[in-house]
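Read through the structures below before going on.
What follows is a pair of complexes built around chain A, which joins chain B in one and chain C in the other.
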Partner chain A sequence: MTIPANLKYTKDHEWVRIEGDIATFGISDHAQEALGDIVFVELPEIGREVNAGEAYAVVESVKAVSDVYAPLAGEVIEVNEELEGEPEKVNTDAYGTGWIAKIKITSDASVELMSDDEYTTFLEE
Partner chain B sequence: MSHNDTTFKYSGTVGMQHEEPLLFEHAHEAPESISLPGVDGVISAELSAFSRKQAANIPGLSEPETVRHFVRMSQWNHGIETGFYPLGSCTMKYNPRVNEQVVRLPGLAHIHPDQPEETAQGVLELMYELQGWLGDISGLPHVTLQPAAGAHGELVGLMMIRAALDARGQQHRRKVLVPDSAHGTNPASAALCGMHTVELKSGADGRIDLDELKAHLDDDTAALMMTNPNTAGAFESDIKEICQLVHDAGGLVYGDGANLNALVGIARPGDMGIDCLHINVHKTFSTPHGGGGPGGGPVVVNDLLAPYLPVPRIEKHGDRFTLAYNCDTSVGPVLGTPGQIGVYVRANAYISAFGRQHLHKIAEDAVLNANYILHRLKDRYHVPFEGLCKHECLLTDEIQNKHGVKTLDIAKRLIDLGFHPMTVYFPLIVHGAMLIEPTETESRETLDAFCDAMLEIADACEAGDTEALHEAPLKPFRRRLDETQAARKPVLVWPE
Partner chain C sequence: MSEQLAKTPLFEQHVEQGGKIVPFAGFEMPVQYTQGALKEYTAVREGGAGIFDITHMGQVRVSGHEALAFLQFVTTNDVSKLVNGQVQYSALLNDAGTFIDDITTYKISDTEYYLCINAANRLKDVQHLQAQAASFDVNIVDESDDTTLLALQGAAAQAALQPLVDSELENIGYYKFAQLQVAGTSGIISRTGYTGEDGFEIYIPNSIAVDVWEKLLANGAIPIGLAARDMLRTEMGYALYGHEISDAVTPVEAKLMWITKLDKGDFIGKAAVETRKNEGPRKRLIAIKLLGRGIPREHYKVFADGAESGEVTSGMHSPMAGGVALAYVKPEHAENGELSIEIRGKAVAAERTTLPFVRSNVRR
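Moving on to the complex of A and B:
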């Protein structure tokens, strides 16, 4: 299981990459492994305002349907439309081509974020 | 047949089973079995523009071939009358034969939903009587039988809660609290009713955490939707305090009655403080319901919600029963007919067979059977929540994970050993969950055979003999199906 050092993580197993005022969201390798084969990703609409901790997307696997929560608050500016045809990218490349959405950060609001080391410890507990 | 054959050991599923292609794959060229009367001249010139351009592609099977096709397909099926079916949260109990005798009485079997009520007095009386039973059993005296299944009952219940809040001038109360262990239908029903849901994280014991509940109760809260016993098979022992907290915050408590089997004749949701409950009569009170129907989801409510019950309502005036449509506060009709008569007949028969004095045996035997399985398996399978269970027991694959075996492998291997798998990967709060609900209708011998099969699987894991587990099922005509591909790229028409 991989946990890249350049990302932040949430207790709900989302990751976020912050570059300036743009943030990219996805779910962690642990999350995709726990969910099993992803068969559908419901993406948010461009322009939607999301609050930190708000469900912004839905991932459906053969086992379960789960909400995906926004680590930060902002406006959705881009979604990974490739997931509509190839949801398996969330399984095969959770931190790369399996990204879900990009937002423009509009406030300081954030859920509790962890570093890679903190997330590793969190998973071990 | 070898007596060492594992299949024979538990249930015996080897025999004259027939492979069977799809109807369209039978190798007949012409539809030789189909002999329609001549249609020349019947189709008028005006309609001829609409006649088919291509052949109808009707499979050319003879009548015996057609009958055999469907009978063979049915033999591939597994039902409670074929064998043990311990599907957790589904209460797959045996449907006694006497129910089928009663439901086939001509006056019941041939009744029509639109016939005049004076010609349907018997059925109305039966429905009225069933309403009385359900009110007594739940402690919630006002009843609508109409909802066609459990999830429909959830929607109808929430519609009533919403109407009651609106009548108080509280149109802003639209938040529904749902524990993370809930059935998936709960948040779906709330959304369909125009409400939004907030998930409550369960406590370490799998039950509702009072502090978590308190933190989310506010002036926007419409209701808490909960299942008791919950989907981990545990009784919510704080139920009275939970209901009090919700009521103090101005909200109502909706009970999901899917697990009522654990309480029948012992404890009543109405006494616990629950305001509104649906009852899956097809589960709790028997009706064969595998494959999605038929179902029945009557809703029972307290005095507060009674004005909002759907119409028509069955009323008794002297010796006559009528369907009353006239009620300003009602949420209106929720089904095109007064309901699913066959399900009501079977439920009434099942309840009447026990009678008021013995109804408690349903819950007692269901809980005893589940705890028997738990006791026999608890040293070999991980038990996520300690203590006695109610009508279903929850295990996980944690021990088998060490040998690379997952819940799905165990479930598939059970098919080889002659049992329908338990519910897997639910509730979602438990990793690798296996939820086993035997119901009260199984004998100790059946429970033992199932436990022996589960122990054999545990033995195979520990011996490192896991190849069959990963390959399972080995015996059926169709081996492990590619569920991922079926979900990602479903083939919905033939031919492609």
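Moving on to the complex of A and C:
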């Protein structure tokens, strides 16, 4: 299981990459492994305003339907449409081609974010 | 109420293989192994051999001079049609004509039969059979605790199993069985299953469970968990107790009149089934294919011409057929009306289709 150092993590096992006022969201390697084979991803609509902690996407594994929560508040400006045809990218490359959405950060609202070290400790607890 | 979960004799093997263990029908069972459900599913569908520990299922031996008369009275199918070594899909109904369980009946001889029953219904079934047996010269023995049941499914199943047994598996036809030596111990092998692929179900004493499991793995079989098992059975449209069938539906609703023989003489539930058949079903089970994006799941609502008509009983994303579901709808919508399934508040277009959802490869 990998936990890249350049990302922030949430207690719900999402990751966020912040670059200026743009944030990229996805689910952590731990999350994809716990869910098992992802067979469907429901992406948010472009332009949607999401609150920090709001469910903005849905991932479905063979057996389970799981909400994905936004680490930060913002406006959805891009979604990973490749996941519509290849949802398994969330399993095979959770931090890369398995990203889910990008938002333009519109406020400083955020859920509690952890560094890679903090998330590692959180997973061990 | 807390309940102690049981373990099958293969529990350690499941853990060793990376099995993700979940509670299921009172047992700790593997929902999937290290490779994941999709790869397990693919191995069974695409030429491999998958091995399933289904020891949680129950086995009941029925013997005695009135075994046939007893089974004719307690099961729905016509047991008199069975020849020795034949298996029959059947059901136990209550007086209301609704399901106590669905079962398979194995005919060993005119005075000895073997029933395979669902794990979750085992105690209820055995109590029911014992109560009914009071009026017949039969002996009912619940052998579930002593019996390991493995399913070996997929095109390579026969090749993986043949080296373990003392006679030609080729001679066992579909829904036939043989009592033979498995790894040197007496067992029952039937050409049956729950996947739509060729394969076998293997009844052996617990004492040789680990030995047989490991030999089958050595012969190329890979272990399959509950998740892939459910995918495989749903693609075939096979009913599962607690989903398509329950004590709330009769065979008329569940499309199981083909195992309910009203012309064979009296049996428990017959009068109620006849009444329901004459009055017409209250709802009907249909097969649905999703046209839009999404995965139909159990309990999702089904709409016909925009009005709520019923709900999904089993649904999945089929790697071959897309979003597919079994659902109960109002009788008038079994054949007519534009269908949709409500997924997270949105109506997703759907259409009726025929079963199985993907091609069956069982040996007819």
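Operating definition for what follows: the second predicted complex is superposed on the first by the 125 of 125 C-alpha atoms of A that agree within 3 Å, B and C clash if a C-alpha of one lies under 4 Å from a C-alpha of the other, contacts with A are read in each partner's own complex, and residues count from 1 in each chain.
As a convention for this text, contacts are C-beta pairs under 8 Å (C-beta built on N, C-alpha and C of every residue); 3 or more make two chains touch, one makes a residue touch a chain.
Just so it is clear, the model here is predicted, and its values are computed rather than measured.
Since both structures carry chain A, what do chain B and chain C do when superposed there: clash or fit?
Overlaying the two complexes on chain A (C-alpha atoms) leaves chain C and chain B clashing.
Given the touch rule stated above, what does A:E42 touch, chain B (first), chain C (second), both, or neither?
A:E42: touches chain C, not chain B.
Could you look at A:D93 and tell me whether it touches chain B, chain C, both or neither (first, second, both, neither)?
neither
Tell me which partner A:V62 touches in the superposition: chain B (first), chain C (second), both or neither.
Both chain B and chain C are touched by A:V62.
State whether A:D116 touches chain B only (first), chain C only (second), both chains, or neither.
neither
Answer with first, second, both or neither: which of chain B and chain C does A:D12 touch in the superposed model?
The answer is neither, since A:D12 touches no partner chain.
After fitting the two complexes on their shared chain A, where does chain B collide with chain C, if the options are 1-9, 55-63 or 253-261?
Clashing stretch: 1-9.
Which chain A residues lie in the overlap of the chain B contact set and the chain C contact set?
Residues common to the chain A contacts of chain C and of chain B are 37, 39-40, 60, 62-63, 65, listed in rising order.
What residues on chain A touch chain C, complex-wise?
Touch residues, chain A against chain C: 36-37, 39-40, 42, 58, 60, 62-63, 65, 84.
Residues of chain C touching chain A in their complex?
20, 31-32, 36-38, 227-228, 230-231, 293-295, 297, 316-317, 344
Given the complex with chain A, which residues does chain B contribute to the contact?
184, 199, 424-426, 428, 431, 483-484, 487-488
So in the complex, which bits of chain A are touching chain B?
34, 37, 39-40, 60, 62-67, 87-88
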